[in-house]
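Can you read through this structure? Questions will come right after.
To keep things simple, chains are lettered A, B, C and D as they appear, and every chain counts its residues starting from 1.
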Amino acid sequence: MSADEIGELLSAEFPQAFFPGCGLSIERVDYGDVSVCRQYHEEHLRPGGTISGPTMMELADFAMYVAMFSAVGPQPLAVTTNLNINFLRKPAAADLIADARLMKVGKRLVVGEVTIRSAGRDEPVAHVTSTYSIPQQR
Amino acid sequence: MSADEIGELLSAEFPQAFFPGCGLSIERVDYGDVSVCRQYHEEHLRPGGTISGPTMMELADFAMYVAMFSAVGPQPLAVTTNLNINFLRKPAAADLIADARLMKVGKRLVVGEVTIRSAGRDEPVAHVTSTYSIPQQR
Amino acid sequence: MSADEIGELLSAEFPQAFFPGCGLSIERVDYGDVSVCRQYHEEHLRPGGTISGPTMMELADFAMYVAMFSAVGPQPLAVTTNLNINFLRKPAAADLIADARLMKVGKRLVVGEVTIRSAGRDEPVAHVTSTYSIPQQR
Amino acid sequence: MSADEIGELLSAEFPQAFFPGCGLSIERVDYGDVSVCRQYHEEHLRPGGTISGPTMMELADFAMYVAMFSAVGPQPLAVTTNLNINFLRKPAAADLIADARLMKVGKRLVVGEVTIRSAGRDEPVAHVTSTYSIPQQR
């Protein structure tokens, strides 16, 4: 699936989460290798001026979802079974970029890793591994 | 810290996240052993009628944050370093209850586990382990 | 499966890992809820006099394997897909007891948690969550 | 520290685990970026002819340990606090190569990822993230 096709699928299936102005965007889609962005918004701040953990977990889950679509096609009923996140550094007050890369595309399980960076910086602020379970075709 | 003291601290430090009507509440606080609730809201749904993963990750992080306060006192600058979540079952269209229990309260690291259930049901919908890093007193 | 049946299966399928004198034993087996033991042996020590991490990971994997058998029967081709371990305290120079409890017994995935303690002590030295994938019957 | 210096430190501090003929070797050491090898041995097999999970977890922990030394110098009392492994594919009956790369080198915590492959193959058989806690200098 292309970035546009995935965007349309998400708008149709998740209108509450992915809509114009939601702050999430799909920047690049290759097979099993995608880049997405969360626009900076003060609402996501927590004490110390850093972006909240749940904001980064949501972004990582979104990145993995897009990466899974890029490899296995439209599977809106696929579900995350595991997500592990390591928070590495305090993010800047800036957009967050998440690069997801699939490490395994199986019939039943898709496993990938996501690296999150502040826009314009090299060092990762968080690293995620995650597994999606794909419903069986019957 | 008591449930009321933690609620006041959160309202003061996280006014964007914890405010009247936000849907999160602190139900019970013992030392290192707490229960919190996320009120059901249709906005958190995803395809298949289930509550979204990020909603559960945010609730687990909130539960751990409250549990950490219950054991080490006001530490608003403590940060999550790791969170691992296993999604076990499709949640009901109901409130979510998260029970957090600390397994280690060290000087530098606090480690706990969180079990999330749909209100009124026994089987867990998700299980989380998480680590907080406590800033050193100087 | 009972403790004896599981022991016989392991002896037959894993003669290199589970044999008389290997130091691993099955202490108790209920449905999805088991207890296993690793006998103390100086070989597993690391600097500082503590038992090595890999020794505890191996014990946790063994405990999960026995717990899976207790719930889904003989499935020697089941494979671990994920294991997450938090090391909590320095173990004593003593036997290690691992209690495994399944949180989900699905057709495709089995998810459980394992708590490891030094024999005779209450505080956990490590906590593990792990997922097994069950091959489909055909 | 160089590969030779790290090998000497390990031989001195872990004579039970790292000795001539133990099957583990250090192949390459750059700052926070190392490669280690586990020689193939039939003893590590499990049903289905695959190499056991604990063998891969032990190798990943060894790779992280060497990577940590490469960045922070001799710290034999550093301890693993968390290790998360995803098993991706059945390994070949061949040597295992583990590449470890540090993502964060902090004063208190070191976080890295490890990719394990069968010698001569591109696809990863397992992926690990792990955190080490560094004792404070006094």
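Methods note: a contact is a pair of C-beta atoms (placed from the backbone, for glycine too) under 8 Å apart; a residue touches a chain by one contact, two chains touch by 3 or more.
Please read these numbers as outputs of a predicted model, since none were measured by experiment.
Q: Which chain pair is joined by more contacting C-beta pairs, B-D or A-D?
A: A-D
Q: Which chain's centre, taken as the mean of its Cα atoms, is farthest from the centre of subunit C?
A: A
Q: What's the distance between the Cα centroids of subunit C and subunit D, rounded to whole Å?
A: 22
Q: Please tell me the distance, in whole Å, between the geometric centres of subunit A and subunit D computed from their C-alpha atoms.
A: For subunit A versus subunit D, the centre distance works out to 29 Å.
Q: Between subunit B and subunit D, what's the gap in Å when you average each chain's C-alpha atoms?
A: Those two chain centres are 33 Å apart.
Q: Give the residues of subunit D touching no fewer than two other chains, as numbers and ranges.
A: Subunit D, residues with two or more chain partners: 81-82, 84, 86, 131.
Q: Mind pulling up the subunit B residues that touch subunit A in the complex?
A: Residues 13-14, 16-17, 42-48, 50, 52-54, 57-58, 61, 76-77, 79-87, 90.
Q: So in the complex, the part of subunit B that touches subunit D is made up of which residues?
A: Within the complex, subunit B touches subunit D at residues 81-82, 84, 108-109, 131, 133.
Q: Any idea which subunit D residues touch subunit A in the complex?
A: 84, 86, 88-89, 103-104, 111, 113, 124, 127, 129, 131
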